[in-house]
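First chain A sits with chain B, and in the next complex the same chain sits with chain C.
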Partner chain A sequence: MALSKTSTKAEAGRYGVLIVLSIYCLMPFVWLLVAAFDTNAGLFLETPDSVSLNNFYRVFAEEDGLRWLINSLIVCGGATLIVMLLSGFGGYALSRTNAWWKRPFLYSIILIRVIPPPALIVPLYQVMLALNNGMRWLVLQVVPREHMRDVMQIVGFIDGYLGLILLLATMHLPLALWIMKTYFDSVSPEYEEAAVMDGATFGQRLRRVLLPLAMPGLAASGLFAFIACWDDFLVPLTFVSSPELRMLPIGIFSAFLRANEIDYGLLAAIAIVYTAPAIIAFVLARRFLVQTFGGGLKG
Partner chain B sequence: MGTIVLNQVRKSFGGHEVIKGADIRIEDGQFAVFVGPSGCGKSTLLRMIAGLEDISGGEFLLDGKVMNDVSPEQRNIAMVFQSYALYPHMTVAENIGFSLDLKKTPKAEIKRRVGEIAERLQLTPYLNRKPSALSGGQRQRVAIGRAIIKEPSVILFDEPLSNLDAALRVQMRAELQELHRSTGATIIYVTHDQVEAMTLADQIVVLKDGQVMQTNDPIGLYKEPENTFVAQFIGSPKMNLFPAKVESVAGDVVRIRTDAGWPIDLPAIEGLRAGPVQLGIRPESLTLAAPHEPAEIETRTVLSERLGMETYISFETGGEPGIARVPGDHSLPSGTPIRLAVDPSACHIFDNDGRAIRSQSA
Partner chain C sequence: MLVLPSAILLFAFVLYPSGVAIYTSMTNLSLTGPAALNPRFIGFDNYTKLFSDHTFWRSLVITFWFVLFSAIIGQLVLGLLSAILLKRQFALRPFFNAIILMPNAVPGVVAALMWSSMLASGEYGTLNKIVAWFGVDPQRWLVTFPLSMIIVVNIWRGIGFAMILMNSGLSAISEELYEAARMDGATTWQAFRKITLPLLVPTIFLYLLVSTVTTIAIFALIYALTRGGPAGATEIVGIYIYNQSFGSYQLGYGSAIAVVLLIFSLIIGTFYVRALKVEV
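For the complex of A and B:
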């Protein structure tokens, strides 16, 4: 009793410190929110004269905001889907196999993550360039010359959606594989065997037993992959040159660099647009992340 | 119908042989128990019968048909797993009805049959719960429900009662016997617990290191163990084995002297020659002798465990201590001299390889 008794004064002091610290941490976000709705936003936090959606209007009408957003969503969404699919199957296989190469393989893929991406960018560019030339030759065989540019923007390895998606997926697959492998280690093979005894075909086992059980793992690996792609600046900077393919982080950066005078309201609005999908992804994934599957096993 | 025959069944995991030629026959409708120490291959044997492991050698026949290459769902065999493996994302009703749902049985029919099973297993109030909201005994019953809804001819159980508390174990044993009676299915039940085996089985198969040591009904195993392994595995505390010599065979009496020097006279046994043997005496075949009564064993106590209604007395033998299980409470401090009388009709003789030597008539 005596030990846990603290004076109200000390209590108030502690909360006071915490509140000051949180205000300090929250300030940038508050500024962002306020500035985005303020037509005359400046570098300092101030109460706006009038609240308006003018900044957002400009992001989408004057700037190419919608296109940047859609590009980012296509590329990151595509990469995330690929990562979830491959890490789901791959993580399962890595968890269940006893092959001798299992450990060396797991360590070598994580090694890929250890190397800083900027260190790889030049050789990577060369690989992508070679692939791009190959793809160009292939496309030339089937597509008339005047549509060449449009098609290459989709299937090209440089300055094309396909290249961006595959590159980002490859970069973020190792971590996802580790997450899924570790996750499946905790999913007892007896669930599947029970399904075999119940007469489930391979497809039924996958869809009705394994997939529902894998959801928390898939949500985690998908969320991490999506956020990592969404945050990536280097890849869209290096591998995109056409304005039509520009993605959100580069959009913000170019808006920041362009004008002589920095337009804080516009930048804040882009930043909000950039943040929203990441938060939505988190909210979607959270539902599965917190799902716990107790009680299926004894003990 | 569910008559099971295993002919010289073998299983290897990458060069390592785990089941070394098992011959087992289980009649239709029997409650058979595979018992043996942990790691002896019980689960592996069961999984081969289920079809979850393929059979490396030998034949598995169900009702006379070779089943080696028949897929699990076509064997009409159900299995209750060691961990239960209830689908955690499904409700109790969905768990029980899953096999019917996979076969595209009409929803109404599934609901009716799940209802029936739930009624039988007293699960009706829990049909809409997830497994995580059930107690251990209820989970066990859901696992059973999931097995019997398929109306299988054979039900396999892999250590279903391990990890349950003692009271629940006794209750579940009774429920399993009732289940066996009401379904009429052949049951193969795996356990490492000889008490479970003795109380449940019509037929016990004792396994050791992937080999069948003996197959018999429970009392048959207790009374006539064919080797020292079975003799010591069945019964608690385990049977005493004393190194001994056959001193003389005179008419219908055999005199055996243990290495500790105790002389014991037994009824004559066919084929018993003078020479070294092992004498097996169950702890419950030893009684404390009063001072005026004859007693074969004279020794000192090592330890006495007092359980109230009976006392386990460990005593000196020169080697590993022997143990006697005597009725009543006895306070015998360590080192007390005691005299123990042996029931000659309950003695077992084994040769030096551990095989029982016994008259053919017995």
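For the complex of A and C:
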């Protein structure tokens, strides 16, 4: 009797704490979800007079929402692909090699990972500016002047897709290389040796053996890279100024800073468009979280 | 050969810029004015200026409190608490798990937007409505308690990650140990202190390293919510660098701060290298 009494008390305590924690975690979402569907939303949480999808319609019809979304997808998608490609090959090489540079390279990857991006933003700006000027000179040699602007938007380093993609890919490469290296460590080289014995060429080995084997690792490194790029604010804030290249986080930030009255319904709708892919990617990446960040101690 | 492209990118966008930072920090380079075109080499002047600049020291202190209270204390304690409460299987477990993880998935700018509504001043602000039930007057949260509020927001964002790591640490502890402790008549608290905590030390240590690194690097959340204000009260060192470089156009001075931050990060990084025990 006494035992069951204490355990109900403990149960009640458990639920009490969990409910308080849940309210803390959920409360900020409520306003965003309500305001996005409220035709007349304000900064304060209130019951909407009329509910509609009007705000979402306006994000794409009146604002440049579609352009921001496409820009974000191009840049983050491109960076993620590069990260997967480079970390796949790089991780494989790092796992299989015994060269003298292996240990220093791995050490520097970890050291690079701990550098906070704001610490490098000023020199990066100088480097990107120099690269941009170099690219401009190069483009001028081959492209007529009237197409200059369009071409630079693609291959430029400031206000250009190429620069954003390469920079974001590099920033998230160290973690991905580390994931792939540890991943290949756990894959026995016997599979490849068997393929070599069977006389497979390198291309066949890559396609038939290595790629299928590497899939889970690549999925993890790709997802983490995508989440980090999608969340990144500093890079588009610093290296994008033209409205044609504006990405979602800056779109939200600029809508938030608008000097005249802020349109909160619109803002909430953009925020939901921006958050949805992040949540999907996070749900997919969740099962890799522990082995990526928690497995380090065994490593 | 396969590592070469990665190495080139890392060199171009990390190592070379670090070198540039060190060089720039010894010039008076600026975004505007004569110093923009012809920066002068001024040696360690930026550093002497830095160490007597009280706003720099203040931003270091703010960074310290921010990391200490949000990552080391807040997220860890609440994350460990949720991991323990959610250890046993029960009907609503996946539900609570998902809720606590949700803030983790939200991009920084959106988190700032959500919390600017939560913390809005005036009696209709959500938090003000909540505290009104307890008889507290409406507050201007981001003006009166800016740093504490930033910490509250960041804890909110990080409980989930801490919970996942602690959860994996907890599940590695054998149930038999608790069984034995109960036989010996140990209370729950004693079991926690004598079994859970000591066995969790490696996990906690790893978590502290990861979260210290990520918390120092936080930019979007604070920049979108307060831009370091009011009057520099939430200017952690990353924001300070950005404001000095692109707000006051002092690239040389901004770089000097960046170099100090780089050195500090590398010190944490060496601990990290040791913790991970890179095996070759």
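The rule we apply is simple: the second predicted complex is superposed on the first by the 264 of 299 C-alpha atoms of A that agree within 3 Å, B and C clash if a C-alpha of one lies under 4 Å from a C-alpha of the other, contacts with A are read in each partner's own complex, and residues count from 1 in each chain.
As a working rule, a residue touches a chain if its C-beta (ideal position, glycine included) is under 8 Å from a C-beta of that chain, and two chains touch if they have at least 3 such contacts.
Being a predicted model, the structure only gives us computed values, none of them experimental.
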Chain B versus chain C as contact partner of A:V143, first or second or both or neither: neither
First (chain B), second (chain C), both or neither touched by A:I115: second
First (chain B), second (chain C), both or neither touched by A:G199: first
Partner chain(s) touched by A:V155 [first = chain B, second = chain C, both, neither]: neither
Contacts of A:L289 with chain B and chain C, given as first, second, both or neither: second
Partner chain in contact with A:F89 - chain B first, chain C second, else both or neither: second
Touched partner set for A:S188, first chain B, second chain C, both or neither: first
Touch count on chain A, higher of chain B and chain C: C
Chain B and chain C contact sites that coincide on chain A, given as residue numbers: 293-294, 296-297, 299
Chain A residues touching chain C - in the complex, by the definition given at the top: 14, 17-18, 21-22, 24-32, 35, 43-46, 86-87, 89-90, 92-94, 98, 102-103, 105-127, 166-167, 169-171, 173-174, 177, 230-234, 237-238, 249, 252-253, 256, 264, 267-268, 271, 274-275, 278-279, 281-283, 286, 289-290, 293-294, 296-297, 299
Parts of chain B lying in touch with chain A, wherever the complex brings them together: 50-52, 72-73, 77-79, 81-89, 98-99, 102-103, 130-134, 136, 139-140, 146, 150, 163
Residues on chain A engaged by chain B in the complex (per definition of touch): 188, 190-191, 193-201, 204, 208-209, 212-213, 292-299
Complex contacts: residues of chain C adjacent to chain A: 1-3, 5-7, 9-10, 12-14, 16-21, 24, 78, 81-82, 85-86, 92, 96, 99-111, 113-118, 120, 122, 124-126, 129-130, 156, 159-161, 164-165, 167-169, 202-203, 206, 210, 213, 216-217, 219-220, 223-224, 237-239, 241-242, 245-246, 251, 254-255, 258, 261-262, 265-266, 268-270, 272-273, 275-280
